[in-house]
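Labels A, B, C, D, E and F are assigned to the chains in the order they are written; within every chain, residues are numbered from 1.
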């Protein structure tokens, strides 16, 4: 079985940002594992400014971690 | 008696993420120890986009701590 | 007079987490010192999913500080 | 004129926590300098669980800064 | 194809702040890729004090990362 | 043209706090550049306890960055 999060290292900041986005979504999936219920919730939050901003906050928090893990991109590696 | 949090060290980022999820839940359990009340609240938040995003934020905060504790996974250990 | 917060050092992560929980509660007590009013508010938030998640967020923030203070548990001490 | 924030250094964690509480309040005072309006708002938030938890979150964020400024209390000083 | 985030390095704090603002917006765009829906949501949040403050919080979180990546502006570089 | 954010360095913690306040406000101005609309929103949030607390949270996040940039005030500089 492959891991969904084998490493925090990414080649570039952009890939690090994509990883942060994924990390934000996984917590939601683990708290509400039912695909059908998540599907029903999705329009509600993808069309709510407040929910979009709150999601962006979670991404920012994970990105801070990913960026630190990569030495703000691989200096001296 | 075993500890629910004997260490912040995990072998992999994925296990660290699972630990962060657990840490987020324990605060809720300690603030509302009544299983029955928590059971009643659960559908309400597992089916609310706002609550799921807020939960994901707590996980992100704990994950930052767990990741730092593991040197962003065990470099040089 | 004894201090409610003599040190941030704890023997274990679990004790650190308990300290973080205490730290989250003290701010509420200092902002609303009236025991009777806090008592009235308690059911309202201990039975609200949103309030429980927000409380868990405060604990996560304090835990990050306590964990850093303990070198993610006392390495080399 | 004396400064309201001459230093982030405190002798103890407890004093650091009190400073964090003060720092959280000053932003509110600077955003709403009218004493009378703040006085009117106060009952509303000191008797709202959500507002008390949100205030506690601000204190936690400032406490993290104060704790770092004090080397998690003055090690080697 | 050019990257939207080739580096976290900026020449000045002001450019770092502009980058943080961009980073906050990209998460919203990635969660709601439909330009038309985002266009519809925009007035709602650009005219809501709560949404503006929440957006400012996301910017603050990204700015912390960008500032760290630049050594709080390029000392010794 | 002068920069609104030429440096994160300040002589004192109090000046650092004032800078953090400014940084919190600029994101709002950049997201809603229309002075007239911001003017209309202002009473709404300066008289709302929730909005004042949320603003204070943004200031706390920026202050953490400014404090780190100043070595928690200029030690060894």
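Rule of thumb we're sticking to: a residue touches a chain if its C-beta (ideal position, glycine included) is under 8 Å from a C-beta of that chain, and two chains touch if they have at least 3 such contacts.
Nothing here was measured: the structure is a model prediction, and the numbers come from that model.
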Steps needed, at fewest, to go from chain B to chain F via touching chains:
3
Fitted rotation between chain A and its twin chain E in degrees, CA, nearest 5:
60
If we define chain centres by averaging CA atoms, which chain lands farthest from chain F? Would you check?
B
Measuring centre to centre with C-alpha atoms, which chain is farthest from chain C?
E
Approximately how many whole Å separate the CA-defined centres of chain A and chain D?
31
How many angstrom lie between the CA centroids of chain A and chain B, rounded to a whole number?
15
Tell me, which residues of chain C touch at least two other chains?
48, 50, 54-55, 57, 61, 64, 68
Round the ring, starting at chain D and heading to chain F first, what is the chain order?
D, F, E, A, B, C
Residues of chain D that touch chain F when the two form their complex:
3-8, 23-28, 30-32, 37, 41-42, 44-45, 48, 50-51, 54-55, 57-58, 61-62, 64-65, 68-69
Okay, in this complex, where on chain A does chain E touch?
12-14, 17, 21, 46-50, 52-57, 59-61, 63-64, 67-68, 72-73
